[in-house]
Amino acid sequence: MMSKIVRTMSNFLILVVLVYGLYIIMHGHSTPGGGFQGGAVVASGVALLIVAFGSHSIHENLKEHHLSILKSTGLLIFIGLAFGGMARTFFYNFLVGSPIFGHIPPLGPNPGEMLSGGVIPLMDIGVSLNVAGGLSAILLVMALAITATEVEE
Amino acid sequence: MRKIAIAVSLTVFIAFLIAAAFLIHPFGSPPSQMDDYIIENAQRETGANNAVTAVVFDYRGYDTLGEATILFTAVVGVVMLFRKERRG
Amino acid sequence: MEGIPFNIPFLAVAAMIGIAFYIIVSQRNLIKLVMGLSILASGVNLFLITLGYREGGIAPVYTHAPTERMVLPIPQALTLTSIVIAVACLALMLSMVVHIYRHTGDIDAEKSRQMKG
Amino acid sequence: MHALVTHSPILIIAIPLLAAFLIPLIGRANEKARDVLVVAALAFVGFLVIILAKDIYFNGLRVYTLGASSSILTIPEHYMVPVRIILEVDSMSTFMAIITATVSLAAAIYSLAFVREETGQNRFYTLLLLLAAGMFGMELTGDLFNLFVFLEIASIAGAALTAFRTRFADTAEGGFKYIVISSIAALMILLAIGLFYAQYNLINIGALAQVMQYTMLDKIALALLVIAFMMKLAGVPLHMWCPDAYSVAPASITVMLVAASYACLYALFRTCFTLYGVCLNLVTVGWIVIIFGLLSMFIGVTMAVFQSDIKRLMAYHCISQTGYMLLGIGVGLAVLDNPEALNSYGIAAMNGGIFHIINNALYKGLLFLTAGALFYRTGTRDLNKMGGLAHKMKWTAIFYIIGALSISGIPPSNGFASKLLLYESTYQFHPVIAIVAMITSILTLASFTKAFYSAFMGAELPEYEEVKEVPKSMMAGMAILVVGIIFFSLFPGLVIDWLAHPATEALINQGAYISGIMGGMG
């Protein structure tokens, strides 16, 4: 656990980090970024908390199985969307042209649109849940391992 | 004896790497038949402005599934290694 | 690259991979071995990303794009995949090193039986 | 039914993945449901593999383009190269998939009792399914980068499972060696993929094979690929990790790791025959493979004779048996552009080598499982500490005898059938090879007889008074493999005609593989 200044500041900074992570996740299909990058940013927020508050006090609120559920859910969303195209082929982008995220932007350089890309933004969300949960779990477990604490089943 | 073998094979390996660096296409002008298709058609086919994301989640989405699975595997592995084991 | 007689970026890749292999075969400390592998992974990633560069190209994103000439998108996707894979491997290797340290009290490859990368 | 066959290549990979993602959620709620899910998923995949294999045997190879509007649309309309990831399945792929499906089903059923006392079972089964999915992915894909990705899934899952029993001192070491070797091999493969991409801007195996020029860069890439796959399948100069990893892994996982090393063997064959094919300097490359094979055979078996740890002994035999497969395939490769020699003994040698893969997966798997059964009851792997167990563990002893007879190539067994094919054909290629192969076989028999005597015969030791037969699910896991061995011993001709020979044909016929991707242009 670090000093009070650091803890107060990280309480504030975690919001900024999370908002930035969400921005990167949600705009993956129109600007550089995406699920992996945004998920890593969110996980870096967890790293900030672990450094500021110490791994034990984080572990009291954030158990490993919460993260496990998070990453399983993310991957199930991802593979579910892939199965969704099964009427044609696995991973077929079945939402292009449909009302949900189906808008196709004008070809060539353009300002970009939020509701385009078909399944891509949804897959971004699934992957980001997996990456955020997974990297946080690694950070938390390894931080606990330094103090020789083992994880409950 | 073993050290000499390692040194020789390492030298040969690095020599081949440097040879490859000279033989490869000049930096900045790669062949691009597969990528040109994506640059031209990614917007039309997927509706995503970002061609890299279009490749990651559409054209090579299956690789990305594998990649997400690898991260999942590694996390499950790491957490499994630090689990509480019943003694005896 | 007019004016430069050879491919400096590719030579940098060759140097990185060579250094990494040297570390892997010469170091006995397991953490250093893992670092060598990490450098090897970075070298290969650098190789993939340099393959896709097109002279004067911009990132292949159409949002507010100034020109039509873009670098190749596929190597960037491949590199993204291989970075994540490298991270995953690194995490697992380090946790195994932690376990080896707990059991033997040492991270020297020679001392804990005949460890050889 | 038709739709099921069309989609079966991807379902074989996606169903274990889906089950693996579900296990963390289901396993917390109900352990029984989780066990049922694991076995049901693997059994269903086995069923899919069989219908896919049947379809391919009758109708030829199948492609599956991921994400395209139709699964057979390998190349986008009005374009000349494939852009998307394509699964390409021929008889060789389904042959390997049958091995993986059988072995993983047996391993999963065996594990039900084997790891019942351990913690972390949810993660164990998740990783087991991911390991199976990684192997299926490697075997069914037609894309080099995808091969790399699934190789990594199999490696990481395998390494984590190797270190599963963390209370023992040497498990983390075994797992660490496995992951280090796997990472180096995988990065070398990635480097080779980069070299191909730099020249041809392609990553699809069939499309690359069509335009392969065999330039200097291609030769470097070939060397990288061959060394990388040799590392992964524990060919002799690069085999040091293998006994350490195999001996510390739980027995059911060792069996899976053996199957994973054969998936790498498959990748090596794909590289040599399909990716490069006739543009190689065939005789040189063929002889390199043969020499690797001879070294693996001989050094593996001589090291095995001195081991007292039963699983280390079997691991060295594993190295030595891999040598036989390399031998058969190497002979085939060396005469690939010589139709006369190919027809008179080349195809026979390849049939023998490929038949040996499935035989070895079955009997080596069975032997590792019996070693696991001994460990389960006695708590040791040291042969010197065991003795007189034949009465207490009757079925395990019988299973061990079946496996040992088969691996040593005693006449009625399936091991004899494949070895005979290899002896006959390699003798025509070069007599010395056949002689070394026979000596290896004799040493194998000697070593397994010794192990049998020290574990099962002799005086009953007082500390094993309480030992009894292993639980039913472990017996069932072993029985699956025994049934396979007995079937293959009774009908070797049938197996060669239906499985091994189509696989050989698929490897030799590079043109069919290319035209599967490129259409009429191949």
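In order of appearance the chains are A, B, C and D, and numbering begins at 1 in each one.
The rule we apply is simple: a residue touches a chain if its C-beta (ideal position, glycine included) is under 8 Å from a C-beta of that chain, and two chains touch if they have at least 3 such contacts.
Only a predicted model underlies this, so the values are computations on that prediction, with no experimental measurement involved.
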| item | value |
| --- | --- |
| Any chain that touches chain B and chain A | C, D |
| Furthest chain, CA centroid comparison against chain C | D |
| Selected pair, greater C-beta contact count between B-D and A-D | B-D |
| Centre distance in Å when chain A and chain D are each reduced to the mean of their C-alpha atoms | 36 |
| Approximate Å spacing (C-alpha centroids) for the pair chain A, chain C | 24 |
| Chain C-chain D separation of Cα centroids, rounded to whole Å | 29 |
| Junction residues of chain C, two or more chains touched | 17, 51, 59, 61-63, 74, 78, 80-81, 84-85, 88-89, 91-92, 95-96, 99 |
| Multi-chain contact residues (two or more partners), chain B | 20, 24, 30, 32, 34-35, 38, 43, 49-50, 52, 54, 56, 58-75, 77-79, 81-85 |
| Chain A residues counted as touching two or more neighbouring chains | 30-32, 68, 71, 75, 79, 82, 90-91, 93, 105, 108, 110, 112, 138, 141-142, 145, 153 |
| Chain D contact footprint on chain B (complex, rising order) | 16, 19-20, 23-25, 30-35, 37-38, 41, 58-63, 65-67, 69-70, 72-74, 76-81, 83-87 |
| For the chain C and chain A complex, residues of the former touching the latter | 59, 61-66, 68, 80, 84, 91, 94-95, 98 |
| Of all residues in chain C, those that touch chain D in their complex | 17, 24, 30, 33, 37, 40-41, 44, 47-48, 51, 74-75, 78, 81-82, 85, 88-89, 92-93, 96-97, 99-100, 103-104, 112-117 |
| Residues of chain A defined as touching chain B within the complex | 28-32, 34, 64, 68, 71, 74-75, 78-79, 82, 90-91, 93, 96, 101-105, 107-108, 110, 112-113, 116-120, 123-124, 127, 130-131, 133-135, 137-138, 141-142, 144-145, 150-153 |
| In the complex, chain A residues that touch chain C | 30-32, 36, 105, 108-112, 138, 141-142, 145 |
